[in-house]
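Here you go, one structure.
The letters A, B and C name the chains in turn, as written, and every chain counts its residues from 1.
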Amino acid sequence: MKNYTSINEIENINSWIEEAKEIKENPLKNKDLGKNKTLGLLFFNSSLRTRLSTQKAALNLGMDPIVMNVSGDAWGIEFGDGTVMNGNTAEHIKEAAAVVSQYCDIIAVRAFPSLTDKEKDESEQVLNSFKQFASVPIVNMESATGHPLQGLTDAITISEYSTKKKPKVVLSWAPHVKALPHAVGNSFVQAMQKMDVEFVIANPEGYDLNPEITKDTPIYHNQEEAFKDADFVYTKNWSSYETYGKILEVDENWTITKDKIGNAKFMHCLPVRRNVVVEDAVLDSDNSIVIQQANNRTFAAQLVLKKILEEL
Amino acid sequence: MKNYTSINEIENINSWIEEAKEIKENPLKNKDLGKNKTLGLLFFNSSLRTRLSTQKAALNLGMDPIVMNVSGDAWGIEFGDGTVMNGNTAEHIKEAAAVVSQYCDIIAVRAFPSLTDKEKDESEQVLNSFKQFASVPIVNMESATGHPLQGLTDAITISEYSTKKKPKVVLSWAPHVKALPHAVGNSFVQAMQKMDVEFVIANPEGYDLNPEITKDTPIYHNQEEAFKDADFVYTKNWSSYETYGKILEVDENWTITKDKIGNAKFMHCLPVRRNVVVEDAVLDSDNSIVIQQANNRTFAAQLVLKKILEEL
Amino acid sequence: MKNYTSINEIENINSWIEEAKEIKENPLKNKDLGKNKTLGLLFFNSSLRTRLSTQKAALNLGMDPIVMNVSGDAWGIEFGDGTVMNGNTAEHIKEAAAVVSQYCDIIAVRAFPSLTDKEKDESEQVLNSFKQFASVPIVNMESATGHPLQGLTDAITISEYSTKKKPKVVLSWAPHVKALPHAVGNSFVQAMQKMDVEFVIANPEGYDLNPEITKDTPIYHNQEEAFKDADFVYTKNWSSYETYGKILEVDENWTITKDKIGNAKFMHCLPVRRNVVVEDAVLDSDNSIVIQQANNRTFAAQLVLKKILEEL
């Protein structure tokens, strides 16, 4: 594999899940694969799970991780083509990506969307610029429109916890105080569309995700209806896609409660705002598998790095 | 050993000191003990010695250190129970601690007190929340009320430099321009109470440390009297404990001078404000062992990590 | 070698260049040399290339790099002698340098000039204080007046790309929107003065570099004249040295264009502001060797670290 920037780069999700489970059983088996190889982790935004689990994955493969907070540690990066750089940016991505490629064998990048300029966000300028100008493989640690390491993690977790041949999985929007990106929702949708599950989405009107991603996945604007017989309730807030980046008023209470989910397993990518997105009673119950889910971040990242290292 | 969060977790300080000295003589002896193990260093506050020496200790044991500035790199963490998280905090410690436990084999945490809310500081909310919600051992890299890696360092250093069977050790308050925590003072008191030394404290009136910690250790409000025949003068500023977190007016000059300490060895945990806490003439003389003391931070941390690794 | 703080510490630049090329051909040959040795990288300022390439160099030698942003991660450092430290600085360099020396086998430091106080900048207070108070070797990762890892990199690159026995090398000033240091220019001048090249400098009037550094190197105030028959055009902005730290008005357009450089190779230390310092047409042409130049940062750093490690 060259790059891992989208769930769509996974050809056969079931074989990936099986390989991830093998890695999880014996995480140090490929400790020599990444020897003398460096992974550059470039953060344009905050990170806890991604930062730690991707480093852990690299270490399990014998790689040397090098972490950099691009904004704080280095220079403002320019992405525009032909820009006269007499403003706040000091280095063009053409140079930055090409240069970092010479110090790192793989580059992992996190860069959130603006949520103010839909077209620009959808162009995935940062991620695609790295793909274009770097000479080494690029891993997406959450971009403007996708979080494929999370989506792969989620697929692994659902496979692990499923007790049915074809479980029902619901992706439910939930409230939040800040305008959040669509990346996690998008990648989860794409992962579920590749799995053998009954998959539906629940969100208030005005909060439908990008129809080019949801495609023919059923979307309910009634949470209760969507949750009926659910085996997994995956929860995530996102800002409006139609009224791009805005928080719309919602009449009903979409906070996830124990009553609502019944016996379904509760999933969330974390961080989660307790008693806003989901009540304590859910997170503190056995229904919640958010911690186990987060654990799989290591093995999803390790699988991706392994696949890339094998073709270096 | 499970956690190392307080000097009180040291059962026999003399045997610990001996083991630390053995480590110092041959720091790479246990290079295989921490192989394929990660130490997460989580900083809520600034650090130089702790940051570097704890990493060095981990490396000496073959561990992989992963450093994170929690505030800058990740999300605001909520510690309140049952909080409706619609404010500035984005992740609850319940999730954060449990998740990080899955990427790190040991978690080391630094979190200073508010110095405005005595009860909250004494509850050691951050440290105790990590102990409660993490599933791996916790090491205290300075909490609201204690700095046990420093206290252990100090015990080792006094043992190394003592030329008497029972030296006289004075902990002396000294002036400072900012309100500082009691953590270093507290842990030093607890360490000295466990050692075979004549131990007294000197501080201005109003600056007595927590009596539940000082217990029956003699407290002098007259520096000269306390310093009589001292073999070691350990200096540290702290804000008032009674008038919690405040800087009180002090009549005499408590700055440490060469005249005051005579032949005693001068110790300080560093960083130290020259010519405020102590005059240059002391720090630049052979009486000062602050640099050698700081060197022992590595071996104190290495001893603690070794003891934890041996029981993982 | 003890320290590497200036190009002037290179006795025979040709033998250094040859050794760097050998390292480049087989970068992992000395992987055991730095085993169990730590390199402390202390940044008082931003960095991308230096941060990554110096870590990469250390890893190639088997060292453990420990990175610290001094300002953000640790305490404000005081450099004044005899200062009463009742202001914003919390730790004196005397302690900081001596302490860090005990955790790191080599210390690398980056500290930019003020550009407001010429005398203070030329005293190289930060770098020289580390040299004075540290007990381990110091590597200059760009100081107030020099960037010798860059200068060595540049010498290696010119040697690699030269097709003549004695190529003509021009260092050309170019415009910029911010007042920049003289460090890169100075070290490049010093490196070229040691090599067998025809070396001239081109800059507008008022922008002559320190004459104690340029010595008898020809300085042209006419860019076109200087560029005649050039094989290499090395471009860099710097603020005025005479009118210290100021941006002066310049009549002509000194931006580097394809027309101006003809067949010469284009070099720049990066980051570079496109279409201000140099037009896109140059950077995107085969004449530009800025990326290859940046790659040599690793091998310059590795050579320096190797020479220091060999004498530890």
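Couple of notes before you dig in:
The rule is short, and it goes like this: contacts are C-beta pairs under 8 Å (C-beta built on N, C-alpha and C of every residue); 3 or more make two chains touch, one makes a residue touch a chain.
Bear in mind the structure is a predicted one, so any value in this text is a computation, not a measurement.
Contact with chain B and chain C alike is made by A. With angles rounded to a multiple of 5, the C-alpha fit of chain A against chain C returns 120 degrees of rotation. Taking the mean of the C-alpha atoms as each chain's centre, chain A and chain B sit 39 Å apart. Contact with two or more other chains is made by residues 72 of chain B.
Partner chain A is touched in their complex by these residues of chain C: 28, 31, 43, 46-49, 51-53, 55-56, 59-60, 69, 72, 177, 270-276, 280, 283-284, 290-291, 294-295, 298.
Per the touch definition, chain C reaches chain B in the complex via residues 36, 38, 40, 64, 66, 68, 72-75, 78, 82-87, 90-92, 94-96, 98-100, 102-104.
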